[in-house]
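Below are two complexes that have chain A in common, paired first with chain B and then with chain C.
Presenting the complex of A and B:
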């Protein structure tokens, strides 16, 4: 009582929040008032409100506290006060997840829900369903069915909505109550209609045929509720997306563009745009509707319209041009989100001439919009750079201005990515881009971004026109930044020194200063690079400045093995597979929400799997997996048994992994093996059968072969057969009928062991091909050279490059796999490692004449057999 | 979160030495401008909130356990939302992967949140219903003080508008009718004649016979 009075007093003091400074324990103590008889509704309602307020503020109640409060609350069922009773329902819902024994109120709630008071009934149903579990469901089922078809819309809606919530308790609730929902669908009340449609969809959504029937029936009647109409549009679109009932449904969605509710019109336009049925005729009507919305006084409607147009501008810029005039009016909209979307849409659809003007406009308010939208702007600029390469100067300046503004890491990273992408796509922009990035790292608070840009400078800077100008920027980082940035700067400096001999003496001075750094990683690196760079005459050491991107777990494994060995031979780094480079995503992927996880390389994940099989340990223990081939299918995809093969190459062994799938429901396969006839020179080491292959459960069997001593013989064709013991079984249960099975075999297609299976491409950007090529000659590599005329199927240089890389399994160096268009001659530089760690370098000079490609291929490798194998297998 | 090269990250190395390629990946921002067909469902509303003019929560409900599972995350979101919206009266904003529509009056801010693919106009209709219901409950006196004084009724109204993410009713007068407005909150002398009349109407509609103590 006292507390209550004090509250009153504070309220009278004015201003403040009467619910402020409440103690959870005090309030819960006040809840004892609930036990008084007779109940004082006004007072109890106030206390209950306080409890609800506390919970809503995020106050956590312990189980005991919650249970006590809950039981005190149940006493309030004595009162007939409407507000108090309704608050009790709210309390039940809030506490039901924390308190124990909440089902105690079931009977009270059931009484209320079947009673006469409509104001109680609807709310009681909803409260009851929150405390209902699977076991209680049967007890209230009858009441719920009645409630769904009740003539009071509130009660009917409550029951329908609750039944949807109950699907999480019992999956088939909606289906069991579908008949009642069907009846409710005819209700005059718009909300009941909407909720009934939701329940019916939930009941039938797994049965496409039933949904089609429901939708096509409803499209003929007109639904009164705009919400239900929106729902119906979504259902229709889902079917259209799955290619069901095409024409009629499409017409229905289109007809919704003339609905009297804006909500439905927009939903229909949005759906038509997203259906992906391109064609200017189909898109004309939704676009004209959206165009109309662009002029609406309601911000939400303008936003919705321009957002949809923006999306469409990516796929159909031409179709959106019709709205350009309306979008122009929106670029000064007071809602910055709308303005941004309008401008970015215009940037996508507009002509080159309007770029300058739009960029100027957006620059006026770019600081006001949220980071999310800034990213949209950055993406638009990126697309623009690809479209109008000549505009790169304007766009680059704009990006650098954005870089200088405030912003989070993701936003800054998006800008840096865009600048890098522009630089890669357009050599003219490289110098300017590097200059902007240099300026940016002068004042960059994100370590990871600074490190990345320093790394990029190290890669790209040495090949620019004036490498020396970047040294200052990089060395400034060494003086001013944190340890990880300093370390990256040291590495970048070393790259400059390695690639630009004139800079070497100066950089060595800088690096020797870095050896006095306070951080050990920085010192280590400086010392390491100094040591290498001072022996400048030895070209074989230079690759150590830019070590190949190795897969760290494999390197670790290989080093462990090496330590276990006698260590009398030098460690061979070429055994270690390279890390998987994440390919640049294509334009569409940039805009999607895919998160790229750092992942194991294919080889590593296979290695992990293989090393867990004890029978394979003899092979996998000593030697890392060199290369895993792509999956090749040994059967047609729709045959009885599916067999796919992955070839794992080790230094001297070949493990064939056969992934088998049994697609027959009435058969159980046992002792499944793939038998191979080892070709000449190969030795069969062992096989691991798959003990059991049930229907639709993948199984794996392995074959281990030893490569022939003669490398020339390693490229071979291996005939394969699937052998197994089949037992007939009951398709439903999978339990075999017969005691005894019968042996059977199934012919598979031949398996080819190719050159690419034994070769790993390792070149990438880091390899200085000409240096390596010359060094190879110096180190006594054997060289083979031959001239070929490529087959009739290869008619362009690009095709020749592609097929050559695919065939040899080598990697292209110095971006030589990009053939400039319109040329008739091209030199492809390739590098890689043959199994066993034998380096391979290849240079292919290609010439195009009369759709016929001629190739002169030179191969250098320490092992003459490998070089021979390469030239002979091309021929 | 920032791919300078997968192996470098996995090993906890902070700099990108062994990377030969600078990746242009991961624009995992919360807004997904990439439209998609909406799954037919009644679960439309992700949350509703009423904040005061300092951005403090007066009432907030979140219906999707997947977004903002704890009250700490909810309040952080509300703070962010308030900072982005309290100056510009722009009605709609996208934030943290949600489309938020909002409306303010004197010292109160009303928000309705939905997924970023949701039909903005549906969310707007819910917001309007929320605002109009509160306005009717408070007799057009939409102020923080008034909301706190009738917090119980406002709570009931919110509960009547949206149940677990499903729009229960989007018609303000029907919502007000269902929340059983207490009529004797304002002393008779302070009411205008019109107010008294409307109240009598309401009480007539709201109270069932036999309910009076």
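Presenting the complex of A and C:
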């Protein structure tokens, strides 16, 4: 057993790798051998390989080190050893970005690329392009043009691909060499033709008209190279997606379904099913192609087909069902990746009755597939739970079994996420889910995941049927785990104590033990919670245990302002906007493991931008940005000028941000402003013009308004006009004529300031609505109640809920935005904050009769004007 | 030539290999000179300005030369020094009709002679007063004094008027260099 372990370890260390444990400095020392005369090719090739290995392992070379190694390497050009020379080309490519003066090898490489040794030519071209900068381009242009039309396919391909790479050095390379590329397009060689098409496309890329011409010309000839044909399909589809050239191109792509190369056929099928415009009629023929491929003896074709079907299963489930029989045949495929995709596709499209059978099938090999595909399975299960809530027991058991298996963090996190999502959507699943997660953290090696689960237990456990059963699991963590897990466990315990009074005495005992912990954070938390919890039974203490998640940068700013003030008023935390809750995309793209970056909220990132503008400081200095609206278009698309507006609400101010774009090549706009007529009650504080707006370069101008004192007047319509000084200019260079410009204006759409612009929804899972609702009455909030009949466009309860939330800008509490299907009455619970930090609670009782929704709306707020504004704007 | 190579191989007279560095201002004729030394079937037909350097090989009197033909353009002159250390001979070419830039050539020569990888070594330097065919080209005597060659104490040197296009003067010049190299490096070993 021990011996076995050692073997395994060695294997992980890279056992048979002759290059293991190499040291950079030693290898670079050895590279001095390159300077020896005569050159020893075998020895030098070995050393150069080591250098390449190190660089590819991610070893960083300093400029001096790299330059020294590079120049030593240049001496190897004196050797005629073919292997060594080709290694030198690789070395040049790797070192070219770090070493200095790499152009020293230009002549040596041009000599090789034009020389007699065919083995050198293509590789020399590729190396040459990595060392060429804008200044050197002219010196190699002649050779490159010759190489593109060279009769050796390898040389021609290398030159074409290198031209593409060189576009990053000089944008117009492709255009300058387009004639040669055009000639290469006639090549008999499949690669050359493909690469030539790539260069021709690059040359025309920015000119849609030219691309259209190229594509329609080529669709009429028949390209010999299947690679080129695939590329042409992609080009055609891009045009189709942009609504260019419609019918003819579509027919071309469809005709490719009958191409003699399987690759092209697949590409066409894949393109057609992914084309935005495809309806079920258009899908029929590509699907039947994919269906055919499902039965192919070639694993690559089966894989491609099933992977495409899997992706489609979400968007076009009905169309995919046509292939169910073929997919059934693939679930026992010896290639496990194919089998996994087939099963998960069936799970997505199949009926409820087949779930058990398919899950059993998956279970037979789930341990054999890689984590990446296990995540695919987990995602399919997640989709299933949404589709068939009644199946949650089977699926939960499966998930918990997967949780017990070996697996990396990403895989485990996907499972935990799915369990959490299932619990959220289905109260019946909650108890089982929590139990599985408890069991999992008993033996969880991923700290971050353990911390998340403990947090979740603290949130959800107290409202479960039997909260006490979780205490033991949580306290075990305090005894057994690392400091960060212990700290999370302490917080979870405190949540139980705060929300379940019967548990308080016991938890206090546990927490006082935690005060003896060796870690500062754990002790601090325990001491803090003990101190608060000992004051017992004061409901206002709850937020101190479960603080709302606030936007940290805004909180910091608000506190800094507070310290600068006289501090005679208590700090008002309700001014601070909440942190971004990272919404999980509900339909995660399968196989794309895009990591969610921690991001700033919209408000945080806008605030960062706004606070950099000195003229806005009077507003932004003293007050955090409360809410930023969605973008509203003030122009129709495809007009000369394009103006979009974002409304930024502060406690008493409104900053209007107008993002403008000039789409006229022959005009330069100067002193660009959007002027507004302030509606009644509003005061215009200032405007910041945009000094110049050149063709296609976005620019921004701002208006600052003060909200009316009378809150009722804040919902208003603002007429807007774009004003500027226009100057004619040369479309090619953008340089304006010498003549004076002329003033001009351009009418824009009206801008609406709405209730939602001034309201921030905050409710979410944390809010116990009925407690808050009662507390509001107790604290003397004013209440308004009115009954409405909703308009004819709203015919279902779901639609009523959706439009009400959108209109009011409030957030739904206790998942009350989910309307159970088939009901005729529903209560929507809403919470939020009006600018200036005024709390708002609302309860909407909805009833459906004869496609007519009636609503009784009750609003509670400390400010009667706010409550009034809400009821009056609904009516 | 091929036959001769094989014979010397059979007789155990293995060819000795040496590196020489070919430097001088741009357009002085370095690449043309080296091209002339190469076997006729190896020669390039048109010579373009060198960017960086080129390695060329030729043989003379049973010595195999590896010549580093450096670019003389001012952007690249500072890079010559990377190749000083491992050369056994230097060919310094001057365009003898380019009076204007003689001072520049002298400056480069001074830098070469002072360089730590060159200064203390007994390394033969062959000066070629190239383009002798051009009207009012300077004589070797004038060039030698213009470049201050008599200062060179510790290195064998030699100056010769040449025409790289016709090859005139090149044969005796390379012969001198070969003999020097043979004396210093090969026979001594």
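The definition used in the following text is that the second predicted complex is superposed on the first by the 468 of 875 C-alpha atoms of A that agree within 3 Å, B and C clash if a C-alpha of one lies under 4 Å from a C-alpha of the other, contacts with A are read in each partner's own complex, and residues count from 1 in each chain.
By our rule, contacts are C-beta pairs under 8 Å (C-beta built on N, C-alpha and C of every residue); 3 or more make two chains touch, one makes a residue touch a chain.
Because the structure is a prediction, the values reported are computed rather than measured.
Once the two complexes are laid over each other on the shared chain, residue contacts for A:105 go to chain C alone; chain B is not touched.
Using the contact criterion defined above for the overlaid structures, shared-chain residue A:466 touches neither chain B nor chain C, since it reaches no partner. In the superposition on chain A, contact of A:637 is made with neither chain B nor chain C.
Once the two complexes are overlaid on the shared chain, A:308 sits against chain B while remaining clear of chain C. Once the two complexes are laid over each other on the shared chain, residue contacts for A:87 go to chain B alone; chain C is not touched.
Once the two structures are overlaid, the count of chain A residues touched is higher for B than for its counterpart among chain B and chain C. Of the two partner chains placed by the overlay, only chain B lies in contact with A:161; chain C stays clear of it. With both structures placed on the common chain, the touch criterion links A:787 to neither chain B nor chain C. Chain B meets chain A in the complex at residues 1-7, 9-11, 14-42, 57, 59-61, 70-72, 74-75, 84, 88, 90-95, 101, 119-125, 144-145, 148-149, 151-153, 155-156, 159, 163-164, 166-171, 178-180, 182, 206-208, 211, 213.
On the chain A side of its complex with chain B, the touching residues are 11, 15, 17-19, 41, 45-46, 48-49, 52-53, 56-58, 80-83, 86-87, 90, 93, 116-119, 122-123, 126, 154, 157-158, 161-162, 164-165, 191, 194-195, 198, 201, 205, 227, 230-231, 234-235, 237-238, 241, 262-263, 266-267, 270-271, 273-275, 298-301, 303-304, 307-308, 310-311, 334-338, 370-373, 375-376, 379, 409-410, 413-414, 417, 420-421, 447-449, 451-452, 454-456, 459, 484-485, 487-488, 491, 546-552, 579-582, 584-585, 590-596, 598-599, 764-766. Interface residues of chain A facing chain C in the complex, by the touch rule stated above, are 35-38, 71, 74-75, 77-78, 101, 103-108, 110-111, 136, 139. Taken together, the chain C residues at the contact with chain A in this complex read 17-19, 50-55, 57, 66, 68, 71, 76, 79, 82-83, 85-86, 88.
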